[in-house]
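Quick one: this structure, given as structure tokens, is what I'll be asking you about.
When the chains are written out, they are named A, B and C in that same order, and each has its own residue count from 1.
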Amino acid sequence: MVTSDIRSQSPEQLGDLELNILAFCCHYCAYAAADLAGSLRLQYPPSVRVVKLPCAGKLDVLLVLGALEHGADGVMVAGCLEGDCHYQHGNLNAKRRVGYVQALLTEIGLEPERVRMFNMSSAMGQRWAEAVTAMDEQIRALGPSPLRRPADELQAEGR
Amino acid sequence: MSEPDGYKSGSNLERALRSGAFAVTAELGPPKNADAEVVRQKAALLTGWVDAANITDNQTAIVRMSSIGAGVLTLQAGLEPVMQMTCRDRNRLGMQSDLLGAYALGLRNILCLTGDHQTFGNHPQSKNVHDLDSVQLVQMVVGLRDERRFQCGEEIKGVHPQFFVGAAENPFGDPFEWRPLRLGKKARAGADFIQTQMIYNVPKFREFMRRVVDLGIHQQTYILAGVGPLKTPGAAKYMRDQVPGMDVPDEIVERMEAAGRGIEEKQARSAAWRAEGIRICIDLIHQMQEIEGVAGVHIMAIEWEEAVKTIVEGAGLPPRPRVVDLVTST
Amino acid sequence: MIVAEQKPLGEIKGLLGEARKVLIVGCGTCVTVCFAGGEREASVLGSLLRMSSRLDGAPTTVTDVTVQRQCEWEYLDAIRERVADADVVLSLGCGVGVQALAEHYPEPVVVPGLNTKFMGLPLEQGVWAERCAACGECMLGLTGGICPIARCSKQLLNGPCGGSSHGKCEINPEIDCAWQLIYDKLQAQGRLNLIMEIIPAKDWRTSRDGGPRTIVREDLKLPKPATAEA
């Protein structure tokens, strides 16, 4: 569980649209940075839900596509700084796959900007907050995903 | 049709080469249409200046009037043709069938070529035939003549085609060391004559010919060195930089550049370039005459057939001996 | 191995037409290792088609299943119900797999999702190159292990042609001149004599030119069970 203390931004700044952004974070850097952001009581939008991966290199294209298919408005992928991946170049693999997914999204007519990669070190709590803020702004500008599904439909499927 | 008295084909080109004279051939490019008059006009430009003229076969994989068709028109116009046949467009059935027809129509010389790949031309989507390669084609045509057999081994009953058979060689293609040996293969396959690609680098060609002479190939087959007049320095640079297997030394490019320097007026500059291009060609021919194993020159004045007369005259080669009355049908 | 690549998504959608229930069938052999039609590719394509069809306003049910080898009847038997349930079966097998599916299940519409390209090998991850043209009469013993039928653009047997330049083919500087490779190899091995001889015209009957080919091994065929009297 992320021990961050998430506080909403004021409504007039961001509007009251609730966004659903999934963030795949690597254990060694991004997740730790997010944790630190919480400890530091940094403020950033509450639209992001974190999924921890042992390494960003574990990211499967299907994870991103699955998230979008089930109505996520955006997907963040966060890994270590380039050159500092705990597993050598997992973050570079993730970068390639993010690029690949962006190309696939363009082909089907979904905005590639809904998927974005960020790099940070475990000490960069502030960077985490900035990343989430930037992602939230970006997705808000794009609007909710056209693939959002009504809640009752999801409920019927037991989600 | 009687045996051509000791000659393989009895053609003008064969007789000229056998006589020991320095032979001259040139190229006639058929039109991209069905206009016989174009062929006649080009033939008129070459008649009397060459021993025979090559009629190209869909050169650079661009569709043109067939070599056989244009060849017959050339023959009728009083100029001996060398038909060309690539391996790119026909299988062995089509080839032999065309050879029978060509011979029946009076053609007597053939140059066997691999052919430029169709991706270079105007029909890149076409199927690539290459049933045979150029060496096997030489073997086949020689087999029709000497063994009187089709490629499948079946005997030809009645009149059989007796062509004077040629092949091409690019002395500067890679691998350079292999080229003289590959030429040897063509000679062993039975090639009576060889025409090379255009040569501008004489020292390198001398090196090639030295090896060819060492291998004794010049005694098995007549070798004609390819030369061609340049029209512009741009053309020289293009050949130097963009055409695989072409070797154009910088001095040649410089000579072309220098010829036009200081001349502002377009037409005058163009004329100056062309004059220099012809002079370079004549120089090359003189140098070729000095190289052991070279039996003649093949002048490729692409879409500039008028230049051939100037070159041949300038090189002191005419008059071309009219060796034999041209055969127009069997 | 057989090397293929996926058709563009637009073309696949065109082939699926108005189908409302699509079954993608992947293959676990060649197309898996060239990342064109394996289990992962089938799942990814399924997700893309579902999302795409929803964005187009015509949601389509797309599921996927992958068999070990799409060209063998036994493996295809296992997906009978899945196939019966679909409007269109989108095969991610090579051309052989697509045809095996279509032959084994004659009723449904079977369409190909891949363009099968050639028989070749991975030079490095992500790069595959053609090596064999299945001419039916292997002559690699004469050419130092380098095939002039598959690797020479003009299929010369007494090459190279005049366009060979710096070891590359005239039609594309990315393509090695097969005859340069053959020459270098045989030269290094002191076996140039092999190509000094004129290699005669090829008998193309053993290749596709002779018609579609079949191999029958009587020693391997299983005895047919005796049929009961009617």
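Assume contacts are C-beta pairs under 8 Å (C-beta built on N, C-alpha and C of every residue); 3 or more make two chains touch, one makes a residue touch a chain.
Please read these numbers as outputs of a predicted model, since none were measured by experiment.
Visitor: Based on the touch definition given at the start, go ahead and assign the chain network to line, ring, star, complete or other.
Guide: Shape of the chain contacts: a line, open at both ends.
Visitor: Please list the single chain whose C-alpha centre lies closest to the global protein C-alpha centre.
Guide: Central chain: C.
Visitor: State, to the nearest whole Å, the distance from the C-alpha centre of subunit A to the C-alpha centre of subunit B.
Guide: Distance between chain centres, rounded to whole Å: 69 Å.
Visitor: In whole angstrom, how far does the Cα centroid of subunit A sit from the Cα centroid of subunit C?
Guide: 39
Visitor: Within their complex, state which residues of subunit C touch subunit A.
Guide: 8-10, 40, 43-44, 47-48, 50-52, 54-56
Visitor: Which residues of subunit C touch subunit B once you look at their complex with the stated criterion?
Guide: Those residues of subunit C that touch subunit B are 153-168, 170-172, 177, 180, 183-184, 192, 196, 198, 200-202, 204.
Visitor: For a test of understanding, state which residues of subunit B touch subunit C in their complex under the given definition.
Guide: 87-88, 92, 114-117, 119-120, 128, 130-136, 139-140, 151, 168-170, 173-175, 178, 181-182, 184-185, 188-189, 197, 244-245
Visitor: Touching subunit C in the complex: which residues of subunit A?
Guide: Against subunit C, subunit A makes touches at 60-62, 65-66, 68-69, 104, 107-110, 146-147.
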